[in-house]
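A, B, C and D label the chains in the order they appear, each numbered from 1.
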Amino acid sequence: MLTILLQHTVFGIVTGSILLLATIGFSMIYTTKRFLCISHGELLTIGAYTTYIFHVFLGWNLLYSGVIGVVITSLVGLAIARGLYEPMERHGPLVLLFTSVGVTFCLHGILEFIAGPSIRSFRTPILPSIRVGGIPLITMNEIVIISIAMGSIVFLHVVLTRTRIGKAFRAMASNVDLAMARGIDTARISMFVWIYASAMAAVAGILLALVTSVNPDLGWTQILIILAAAILGGLGSIYGVMIGAILLGVVMDVGVIFFPSGYRAAIAFALMIIVLLVKPKGIFGGE
Amino acid sequence: MGGDWALFLAGAVSLAGIYVIYTLGLNIQFGFTGLANLGYVAFFAIGAYASVILSMPRPGPDVAYIVGYGLPMWAGMIGGSLAAGFFALLIGIPTLKIGEDYFVVVTFAFSEVLRYVLINEKWLTNGTTGFYGLERPFGKFFSGRNYEFFFLFLIVVAVIIAYLVMRKICNSPFGRLMKGVRENEPVCLALGKNIYRVKMKAFIVGAMFAGFAGSLYARYTTLVVPEMFIPYFTFVAWLSLMIGGRGNNKGAILGCFIFVLADQFTLFVQASAAYAVRLASLRAFIMGALLIIVLRWLPAGILKEKKVTYR
Amino acid sequence: MFRRTRIVRRVLVVGLSLALLAGLSVGVARAEEVRFGVLTSLSGPLGTEGKPCFETIQWTVEEINKFGGPLGMPIKLFVADTATDVERGITGARKLITMDRVINIIGPSSSIVVAIMKFCADNEVPIISHWSGSTRLTTSGGEYQFRTCPDDYFEGEVAARFMWDEGFRKAAVITLDTEDTISISDALKKRFAAMGGEVVVDEMVVGGQTTYRTAARKVLAKRPDVLFPAIDLDTLKIVYRELYEMGITFTVVLASNAVQQATMDIVGADILEGVYGEKPANALGSPGYAIFEQKYREHMEDGMVGWFTPNMYDAVNLMALAVEVAGEATGKGISENIRKVANSPGIKVYSYAEGLAHLLRGHEINYEGASGSCDFDEFGNVLGYARIQQAKGGQWVDIKFYSSEDLAEAIR
Amino acid sequence: MLVVKEIHKSFGGVKALRGASLKVERGSIVGLIGPNGSGKTTLFNVISGFCPKDSGQVHFKGERIDHLPSYEIAMRGLSRTFQTSRVPRGMTVLENMLLAYKGQIGEGVFGALFRGGRTSKQEKVNLKKALSILELLGLRNSRDEYAGDLSGGQQRLLSLSRILASSPELILLDEPTAGINLTLVTELLKLIKHFQVEESKTFLIVEHNMRVISEICDMVCVLVSGKDIACGEPEKIQKDERVLKAYLGAVQRDSKEDLE
């Protein structure tokens, strides 16, 4: 039983790590823009597809293709924000939310129009899992994923605490009006947020595509679970969301020991609703 | 061309009518009260399933489901909307008091969880097989072609009743109160209005409309399966409402007709293997773009909210 | 001046006569065409699989029209995409029947067949589906609803039989939560247990997850002899890779939807080596299948015969032959005469051309198709035929054949 | 009528109120003054139930109300306005007014559907009352205009008339004169006085404008750094050493963020 628990926990950490990368960007947007950006999921898909084009069509090295994919995605993310979200900001969060739903449909349509519905996959070698005490625990790919997730946490922490723009971001996150009053250049921070968040989404999308496949629904299937992780950690709390994502991953994968696998996603939502009942602002929110 | 326009339109308008009732419910939730329910399809599904389960004959031994109450169809329809309302109450209790964003996410998640339940709880829902070959109201009394027109008549009657009920609710002091809650919660609190209860009532009434529409939809399709109730349906109601005009019941009707009829006429584009997939993705794109455009340049919709005057 | 008017007049005359001709030919074409309705999944969940099936209809109709079409009238296709969605299926069927006045509906998937059955029967339009395996349709058809594919139950039975024949006694099953996959796996579990085997793991999974390691672990922990994953390609890609990484110790038998060329590309031919799969098709060396395969290669870029395309080919041929026998292009005519071309008694024919030739000579025929013998029972079902294939060097290679007669014998 | 005892309230470590106390007699007009960030609005929020207190008590008409939700408090006859004039912008002036009446049968779904007769009777009565209040406040001509289309001053008047329509006994006004022109201020003060005298309403007013305070208030309380430091008649308070010192000092100290 203990080994099973250990195995599932490791699976959960991997799940959570990808989720974490996907959720950080979402949460950054929420903390500064105060709306649920549903279209964030589609940026995962864009990241995966752009990387796929360079890696498989043009035959570039995965790392280089990935970097280009991240760059393109962040530009796309910024362009969408500039063109579609920022003009709507004065109408309030609900209108922005619906705009982002519209954007989701648009992006999904465009991607499927260009790429078609068929699924594709990266050509990465498949290696046996690393065994610990005879049980297959984790693969090299997954170690890379966890490392990237942890690395990105550290990196983000450094950016938020050591750089000027990071500090300004935190100020803006805590109070937009006050930040403006203190002469912080909110336009610059917005740009930083959109680029950084989109880049993180691209990274998540690429890693997700590596372990699953490249398909037009890649991001759409993730967005609800991203929302759940963000709520669980506490909307508007970047660090809370990180823990929320990992926790959600672990709970989902450990949960299926006790529940049918058909309820794997439902476990995540159930956890979210229970947490909301007990602590309406999420585990780490509202302090 | 010799096509049977009358029969074709009978089907199309029946469908549009069901969508009207469905969207009217969203209008009371969002258009009047400002509740952004992203899981609206869940109540549609509950209405459809509950009405069917209530009016199914008791199951025999060779089927997976064990429930079936054999009630008359009309009782099933009432039961369907009541069930939808009951679930709205359950969802409303934890979510209506906390912030808007949480409400959005929880309702969205609820609609997905519900679909898992519909798939997994075979004893109740017969799993992915669902219920099929459902009888249609008064189906015995009419034959083929005539029935389609009779069904249209039934739907038109249902739409008129639904519209009148909705109009009565929205033109009453309760309608004013819902608008007050939408426009400014603190002011309503300062006036001694229990906004939580107002939201709850609007949420439940809206869900009941969705449930009623769902019970009609089950009779239109003659089957219910979990795959019918995807988030796309929520989006359809939203889009119709936004196009037609939120906060305006006539707008909801107009939006549905525009949406459903436009959708029907895409059928006249001959599909081909090379373009069907492209066409399908184009549809998604157009719908998304339409939502963005309406929000940006026509935020009130085609029919603006009516100004209320008193004499 | 004079010249100009002459030119004008000439242009007018030519134009008018052209218009007249065009009008005439349109009028003639309208009067003398057979309207087939195609209502199938070109997009949505079954879109990818639907595409080769649809292309098969197109070239099959082309072939039929080469002979002048049924009753000497060319078949014209009216197409509506269902997007694998019930409501679009209903609206599509209504449009095809009311506006295009088609005489049949070809190719809808199970839930849509269930939803449009009544409307089609009311309007005397027979439905023929090549892939609606749902057990919901087992006893519903016969008059206006037919299918050229076996029941999902049959697929499960074939897989169970094969697993038992190969000597496997402990089976694991992973099922995706969709109707067809669930029916297949339910049938398999039931049959396998009835034969004396044991289902040691039975996991239902949801599509669109990022990992299925938990299900994979449960399978591995029970050390089964064989695994039957009744899941779609997207999910199979993840499940199979994860199983492989964790160390597969058992044989894998795939359901028919995964026995495609695409599976090799998506999952990876190298790790699939040796995996088995079942798919509906006629026996090795049956003339119907051989003719079909040759034509398929001629018309389609993809070398491997697509999922359910033989069944689609048979459906179209049967419809065309039924019109020929009925002597009128109506749905009622098809409904009343389809058994005359599909079932015995009659001379066994293996293609439309052959069938037509015999019909013109006034013979009775019995169509034997690419997917099987295509004999409809009283409910419009056909008996199942299935092949077992194995992945070898990036190709699916036939290794075994099961007909329903075989299975019936074995069960006894 | 209103007794506020030792209210404490802090926001994430910042103490907004540290033991504020207050008393309002029935039929009086009490002014509440204090430098920016002294916690006036927070105190208002606590009294009216919009913000939970950390400790302390609020009594209204002899009953404790500090545990009640805001709408309950309002139902008992304690109503408030907001600093920034909040109006339901998408509703007309008359809708705003009719929203205010208590005990409307038609405000339930059941009532709306099945008790149309009594509802419309009630509506007629309320409409008459509403129009007379609008008349008094000079808003009658804009009865069918959207509240969002009114000028800032008119919106303030509307807030006030809406509160009056809800027939409260004690009215909390949060900076009623901010951002409106002088003639309107005079008009407004007259009205407040009128309602005090004619309809025996009680007022508690947060104000910066000393003229307003000295003109209409019977009593003035001074709040500095979340604590009341003095209460008394306006003339006395204006001369009070402590007040002047604290007031000026606080102003000079570049007060912290306004906590509202």
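Odds and ends about this structure:
Assume a residue touches a chain if its C-beta (ideal position, glycine included) is under 8 Å from a C-beta of that chain, and two chains touch if they have at least 3 such contacts.
The shown structure was predicted, so the numbers you read here are calculated from the model rather than taken from an experiment.
Chains that touch both chain B and chain C: A.
Remark: among chain pairs B-D and A-C, B-D carries the greater number of C-beta contacts.
The greatest centre-to-centre distance from chain A, using averaged C-alpha positions, is reached by D. Here the chain at the heart of the shown protein, by mean C-alpha position, is B. Spacing of chain A relative to chain D, judged by their CA centroids, is 46 angstrom. Between chain A and chain C the centroid-to-centroid distance comes to 40 Å (mean Cα coordinates, whole Å). Chain centres here are Cα means. That of chain A falls 31 Å from that of chain B. In chain C, the residues touching two or more other chains are 43, 47, 177, 204, 206. Shown for chain B are the residues that touch two or more other chains, namely 116, 119-120, 277, 280-281. Chain contacts: chain A has residues 117, 260, 262, 265 touching two or more partner chains. Per the touch definition, chain A reaches chain B in the complex via residues 35-36, 84, 87-88, 91, 93-95, 97-99, 101-113, 116-117, 216, 224, 227-228, 230-231, 235, 260, 262-263, 265-266, 269-270, 272-273, 276-277, 280-281. Only residues 48-50, 69-75, 79-82, 86-92, 94-95, 98-100, 102, 104-109, 111-113, 116, 119, 122-123, 127, 144, 146, 159, 162-163, 166 of chain D touch chain B when the two sit together in their complex. Partner chain C is touched in their complex by these residues of chain A: 4, 7-8, 11, 14-15, 18-19, 117-121, 126-129, 136, 139, 208, 211-213, 215, 217, 221-222, 253, 256-257, 260-262, 264-265. Against chain C, in their complex, chain B makes its touches with residues 1-5, 7-8, 11-12, 15, 116, 119-120, 127-130, 132-133, 143-145, 147, 220-223, 225, 227-228, 263-264, 267-268, 270-273, 276-277, 279-281. Only residues 42-44, 47, 50-51, 54-55, 58, 78-81, 83, 85-87, 90-92, 94-95, 98-101, 111, 114-115, 117-118, 122-123, 134-136, 140, 177-179, 182-183, 204, 206 of chain C touch chain B when the two sit together in their complex.
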